[in-house]
Amino acid sequence: MNPVNYLYLAALLFTIGAAGVVIRRNAIVLFMCVELMLNACNLAFVTFSRLHGNLDGQIIAFFTMVVAAAEVVVGLAIIVSVFRSRHSASVDDASLMKL
Amino acid sequence: MTHAATVHSLWTTAAAAPDKIPSPDIEYGQLSPTLIVLGAAIVGVLIEALLPRRQRYVAQVFVSVVALAAAFAAVIGLAAGDYGTSKAHVAAMGAIAVDGPALFLQGTILLVALVAVFTFAERRLDPLVHGNRVDSFAAQAAAVPGGDAEKAAVKAGFTTTEVFPLVLFAVGGMLVFPSANDLLTLFVALEVFSLPLYVLCALARRHRALSQEAAVKYFLLGAFSSAFLLFGIALLYGYAGTVTYSGIADVVDGQVRNVTPALAGTMGNDALLLIGGAMVLMGLLFKIGAVPFHMWTPDVYQGAPTPVTGFMAAATKVAAFGALLRLLYVVLPGLRWDWRPVMWGVAIVTMLGGAIVAVTQTDVKRLLAYSSIAHAGFILAGVIATTPDGVSSVLFYLAAYSFVTLGAFAVVTLVRDAGGEATHLSKWAGLGRRSPLVAAVFAVFLLAFAGIPLTSGFAGKFAVFKAAADGGAGALVVIGVISSAIAAFFYIRVIVLMFFSEPRTDGPSVAVPSPLTSSAIAIGVAVTLVLGVAPQYFLDLASQAGVFVR
Amino acid sequence: MSFPLLTATAVAPALGAVVTAAVPAAQRAAAKWVALGFSLLTLALAAVVLVRFDPGGARFQLTESHAWIKDFGVRYELGVDGIAVALIALTAVLIPFIILAGWHDADPLEGARPNSRWRPTQGFFALILMVEAMVVISFEATDVFLFYIFFEAMLIPMYFLIGGFGDRAGGRSEEETATQRSYAAVKFLLYNLAGGLIMLAAVVGLYAVTADELGTGTFSLQEIVQARAGGHLDMASSTERLLFLGFFFAFAVKAPLWPLHTWLPNAMGEATAPVAVLITAVVDKVGTFAMLRFCLQLFPEASKWATPAIMILALISIIYGALLAIGQRDIKRLIAYASISHFGFIILGIFAMTTQGQGGATLYMVNHGVSTAALMLVAGFLITRRGSRLIEDYGGVQKVAPVLAGTFLIGGLATLSLPGLAPFVSEFLVLVGTFSRYPAFGVIATVGIVLAALYVLILYQRTMTGPVKAEVRSMPDLRVRELVVVAPLIALLIFLGVYPKPLADIVNPAVDHTMSVVDKKDPRPDHPVTDAGWFTYSPKSDGASHDGASGGAK
Amino acid sequence: MENLIGLLVAAPLLGAALLLCGGRRLDGKGHYIGTVLAAASFVIGAVLFAEMLGRGEHDRALHSKVFSWIPVGGFRADVAFQLDQLSMTFVLLITGVGTLIHIYSIGYMEHDERRRRFFGYLNLFLAAMLLLVLADNYLLLYVGWEGVGLASYLLIGFWQHKPSAATAAKKAFIVNRVGDVGLSIAIMLMFTTFGTFTFAPVLTNVDHASEGKLTAIGLMLLLAACGKSAQVPLQSWLGDAMEGPTPVSALIHAATMVTAGVYLITRSGAIFNAAPDAQTAVVTVGAVTLLFGAIVGCAKDDIKKALAGSTMSQIGYMILAAGLGPIGYVFAIMHLVTHGFFKAGLFLGAGSVMHAMNDEVDMRKYGALRKYMPVTFVTFGLGYLAIIGFPGLSGFWSKDKIIEAAFAKGGTEGWILGGAALLGAAITAYYMTRVMLLTFFGEKRWVPDEAGQEPHPHESPSSMTIPMMVLAVGSVFAGGLFSLNDSFLKWLEPVTGHSHGDSPLSAAAVTGGTMVVLLIGVALAWMQYGRRPVPRTAPRGSLLTRAARRDLLQDDFNHVALVKPGQYLTRGLVYVDHKLVDGVVNGTAAGVGGLSGRLRKLQNGYARTYAVSMFGGTAVLIAATLLMRAV
């Protein structure tokens, strides 16, 4: 099967993720969408790595996972603290600062 | 079954490889600035873990200051060792470039960080709480605002001394960011300095709701943008088969001839290159705060603790522009005719957008945020010049701008009323009458922002405009001066407010800072005036540092 | 390395500003005397410059040149020609009077809360000296960039002077006055800043051009002029025109030229009289001066190209300004519009490109400075007495304060350029200079003469003559301090009107040089006749008046 | 000798400086200082005159350069004096009459607390006037020209507390300014034509220049003359100028300043001789004005205004004569001098009358004064006879000559001008007789003044009567003296040149005609005012009378044609400046503000919106990049 299709899939996932970020309200879901985008990236890396026949892409994929993990730590920390202070995980409630 | 074949060969090469993998050799000396800072950060973490609360503050401040100073010394040492010019090369297996721009920017970042740490460590502004001196950071970030836990923490006189290691981590990332020589390092560095900043934004002692909101917005949008960046990297990798700058550049210039048929599908596929390039660009423009990727800036600047805002506004810009320069000058010079027009557009909307929207702002911090957007536009004008002159002018501008910004935000921390910092402009009315010195200092910074001669702002602006004009971007210069005129309007408005309007009876009081903040402000003023009156030496530095290694 | 006289002349007031500002809040009087002392020191230095300057000598004299910002091609280059010397002298002369006249303008109002940190008086005089320093150095600068820097920086102290120390005699509520004042200040700053920024673009452009043509970019006026003369530097005429417009715009705002003038009436109206004098008599001169020195010499071709348009704008300024002056109800605004009309004359003279025109324009800068100072300062004294700027609030003043009225009249007569007073000489020269190249323009400009008479005499009649108004009845006549301010100015007016030769001798060579740079020659008379002194009889007077000879045969 | 010329001007100038800057301490003796210095100037003049007579008639002119005034490029103006016969005539007239009037003023202004300043102004006037006639170039003349304008402004408005006076002064100055513009343009023309504006080189080289240029110069000079000498169309200020103290009217607005125009034209004779069209313009102006003034003079009840009208008309004669060219120059100047005597005398007489009548000026409220103030009556009477040209008296000689010259112009032009001159003579006789009758004859028509006190007419103090007598002597004999074997003609000819036109009429015929019209005029006046009593309030009168009372609607015309539109224009411009010119700027500022207000709405605080903008931005970025490649 043509590995290029994986690229299309990656692009699709990435777009879904981006759309999710734009559409969804719940911070957690938003965050999951971002993770989805990162995963799409990973898929792309791996695919390209396969196409190019060198390992860089796969290595990068590992790095990405680590980074994503770190991001989760920080992200969840922030989101949770916000949730605790205002009992809502909706990003639209967090709009005190505007204009 | 060509695919199968390739797969097979892939595995075989992989399998046959092990003994071929060279043992990496790392030039620790040349990476010393970064290593020192990161090491210090870890020490800071250990301090948090091991030392009793009472001693942490002093220890942390000491460690951070020493580390930053040492790192700066290391940078000077490298520069003195001609690593900036003749011995410039790529270190750490091609991951890190040690060259003029890198050193100049690292030096700037370290100095900025040093001054910023002073403002972080300030503990005289807020009144004593239960007999404890407190800084501008939450007693216990995890505690719910206004909750019992927080009250208890406040009563116990807790303070978040973790900010110091966090800053150090951020600085470590920033040091790598502009010197990263492959896209992976770029991405990692980006995250390394972003994540601590996200946290720092959430740590304000006053207005915690705003602070947390700022953190959420910054985090989500930051993650969003870095996802774009990463996807861009993926596409570039797909295009070039490598993520090292030089490798990609070679492919872009078409110097790579031996393309195995298997790679022909993607290798040198311009669609991948252009889209990927654009996405990476977007990631950087987000950090720079260029329109239309700027919208996080005002909110985050306003919500974050002011010392953090100052640090972010100054250091992040330096690092991000450094990375941008390297990307455009090292990776995509072959694509100049593709990205220049686009960057033109971005620069124009950024200059005008920032200036225009700032006109109607009513909050000092938001005002400065928008002004920083406008300034990003000016710097972009220098970036577009694509001449060594352009590079050096941008470097100079960054150095000049970052100190003005630090100083300005440091002044903002001084003007306080019962609810903490009084950032609403209406409260600044008549400040010049009540405390002329502070108002005068702030006026100096504003004039520097406005680019009035004899301030660093003017020298910088002139440098980038000159470069742009030389680079054939005359129109940008004209738009630049127009938006400067608009920008002048709101800087002047603040001055009018401070000096020509009667003080309000319920107006804020100006806190008397400790030597820490005072020296931070003093340094800001000094740099502003020196770079304004006698910029030659620093221009020389910048122009010596104007060449990228590849 | 000789003593850097020019630098000293500029540094003296700057130093004075610092010292004055440093005087503790309590010693207000001391601050005043310090300021006065430094302004006099500056005057002395300026006098030395005047003496050391040799009209017949080199183009630029007392030059100083040091490297400054290599990367920008900027040098710290000072040097004066006749025009600059004259204007420096004017500045140095006026400032002491301005300080004296504003002696009490910055005293804190009664009942103002004592505030150890807020020191308006010190600030006021320090700012005046700061302005003087910047004006002086921008007259001295022969490096475009150096000039630009101070041309711009000048705005800041001016801005604080206008906005911070407004005229208390607004005849309006304190609120209203404050808003009006800061409106005026902001308007002043934004107008000039906008002009300056446009000019910045042109300055950058100039650098780009010189960098392309000469290899290394430079801002040195002389280098560029020589390069152009030597043909090493040829700009495309389109580029030259754009750059010219960039420069001219800034100067036209500063000058101010119609239709960029509207900031002046506000600024002069809201500022205290001495500051108003500072604006129109000193600071604005930098604009016209710069046209003569930079616009014409850097971009001769473009200047010629733009001449007709500029002449027409100048004519409009002359007549428009005069008509609006007639229509004013506010004394200071009236004087402001009169100044606009006069600046029209100056610009007309500059771009007439004749010796008479440019020489006249230069004299005009000096004379207008002195005459406006006289008129405006006396007006200021009048206004502070009555507490109103509206003309209709006065009447019959000459009955109660004859000396005040007399000096006011003389100032007015100078403003309408009555022969025998200084402005007449310059105005007539400008007219002749214009007429000899553009007769039509010259004739139209004479309308300004009549209108000037109108607005001055109407002002005088309404304020000084007629039955004595009740509010005016108890008005005291000029005090000694005020007399000390006005008398010398009037003396100067008369002297320069009767014997302008010394000034003219200083200015002429510089003007000739400017003419040669734009390579223009005076139009030759149709039937030049050698002025053989007096009729054939009276041999002795032949010799007596032979240097009045060679009538226009140049 | 030359250096004395400078002193001529210096003496009164010094006086002015002393008196105006001297302050109160000079109040006591100010008037003496002024008078002495005026007299001193007269003495110097006399000395120079004697010295001049001593020299041959062709090297009588003196020249002295004091210093170089404005040297700029080819533009050279010196402060240099030239004293030739023409200037000398004026010097004597100015200083002589001037001194007399100083003396007169000592008495007249006795009760004015600002007398010192009055004398200061008078001295200032003398200095300026002398400068005017002594200058050796047009620019210096211009200085004197405006100098006298200033002096007259100050003196007309001397009683500044009277709004009418202030207005009159302003009007005088403005109208004169219009004339001055003419002079300045003339100078510029000379500079562009000859490269100089010194009398000698210009006037000796007119033949080089094209006639067109000369005509232009001539017309501009004429404009100047019209302003200063109150000729149509710039005459409107003279009537109002009578607001000034009477001595001022006598000296400035009768004897000397207003005749400056005649001097200018005569001095520039060479130019006019070479520009016939300009000359035609001059004579036309002269003829029109002499009738205009005369008619106005007939209608005025204010004694000074009546005299002002007459002045206008008499100067009309002079201008007419000067316009005739070499035929007329000498007579113009001659009439100027004689007129200086008798008109000054008449004004002083009028002043003396007003002095006696509590400053009442309406002649209809005089009457029968001859018994009460004989000296005034006699001197005034002699002046009267002189001006109407009673045979043997000054006016007779000079005016008669002008009428002859007018006819001598030849052709229809000559007839028209001569006719006008004759008619003028008739009207002159009429209105002067009217003044005489109304003032000194008939029965008392006195009324108490506002203060309610009856006037007690009495002869004026000797300080006032003596000058009147002297002037009376002048107005009786001067003309005869001048005409004695054409001494005056011989005196001036070297400067002005002279030619006898070919008169269609014999001198006798002209004289005869003059006598006839004179008698007619007198008779008419006597029938109207001598026989029947005069009403205190003026009858409505014919249309012409009413028009004449309003200066033949000159002011109304100016008001409608100039003042009103001017006011609308300025008001309009003030509005434009505020709303339009300023509006554009403020509008831009407001525009930016509005835009900003709208743009910041985008910053709505929703993180997702920000994400959208980033997403969209990226899309645009990508699209743009691809597009760049595509094109």
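Here the chain labels run A, B, C and D in written order, and each chain numbers its own residues starting at 1.
Here is the rule we use: contacts are C-beta pairs under 8 Å (C-beta built on N, C-alpha and C of every residue); 3 or more make two chains touch, one makes a residue touch a chain.
A quick map from chain label to UniProt name: A = NADH-quinone oxidoreductase subunit K; B = NADH-quinone oxidoreductase subunit N; C = NADH-quinone oxidoreductase subunit M; D = NADH-quinone oxidoreductase subunit L.
Since the structure is predicted, the reported quantities are computational estimates derived from the model, not experimental observations.
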Fewest touching-chain hops separating subunit A from subunit C: 2
Chain at the geometric heart of the assembly (C-alpha centres): C
Chain pair with the higher count of C-beta pairs in contact (A-B, B-C): A-B
Maximum centroid distance from subunit C, chain identifier (CA atoms): A
Between subunit B and subunit C, centroid-to-centroid distance (C-alpha), Å: 47
Centre-of-Cα separation between subunit B and subunit A, whole angstrom: 24
Rounded Å distance between subunit A and subunit D, as computed from the means of their C-alpha atoms: 97
Inter-centroid spacing, subunit D versus subunit B (mean Cα positions, whole Å): 81
Contacts with two or more other chains, residues of subunit C listed in rising order: 190
Per-residue overlap in subunit B, given as positions that touch at least 2 other chains: 216-217, 220, 224, 228, 298-299, 489
Subunit A: positions in contact with at least two other chains: 18, 21, 30, 91, 94-98
Interchain contacts, given as pairs of chains that touch: A-B, A-D, B-C, B-D, C-D
Complex interface listing, subunit C residues touching subunit D: 187, 190-191, 259, 261-262, 320, 323-324, 326-328, 354-356, 359-360, 396, 398-399, 406, 413, 418-420, 424-425, 428-429, 431-432, 435-436, 439, 442-443, 446-447, 449-450, 453-454, 457-458, 461, 464-468, 498-501, 504-505, 508, 511-512, 522-535, 537-538, 540-541, 544-545, 547-554
Interfacial residue positions of subunit B with respect to subunit D in the complex: 216-217, 220-221, 224-225, 228, 270-271, 274-275, 277-279, 281-282, 286, 291-293, 295-296, 298-299, 337-339, 341-342, 345-346, 353, 356-361, 486, 489
Complex contacts: residues of subunit D adjacent to subunit A: 600-601, 603-608, 611-612, 615
Complex contacts: residues of subunit C adjacent to subunit B: 67-72, 115, 117-119, 148-150, 152-153, 155-156, 159-160, 163-164, 178, 181-182, 185-186, 189-190, 193-194, 197-198, 200-201, 204-205, 207-208, 211, 217
Residue numbers on subunit A that touch subunit B, as the complex places them: 1-4, 7, 10, 14, 17-18, 21, 27, 30-31, 34, 37-38, 40-41, 44-45, 47-57, 59-60, 63-64, 67, 70-71, 74-75, 77-79, 81-82, 84-86, 91, 94-98
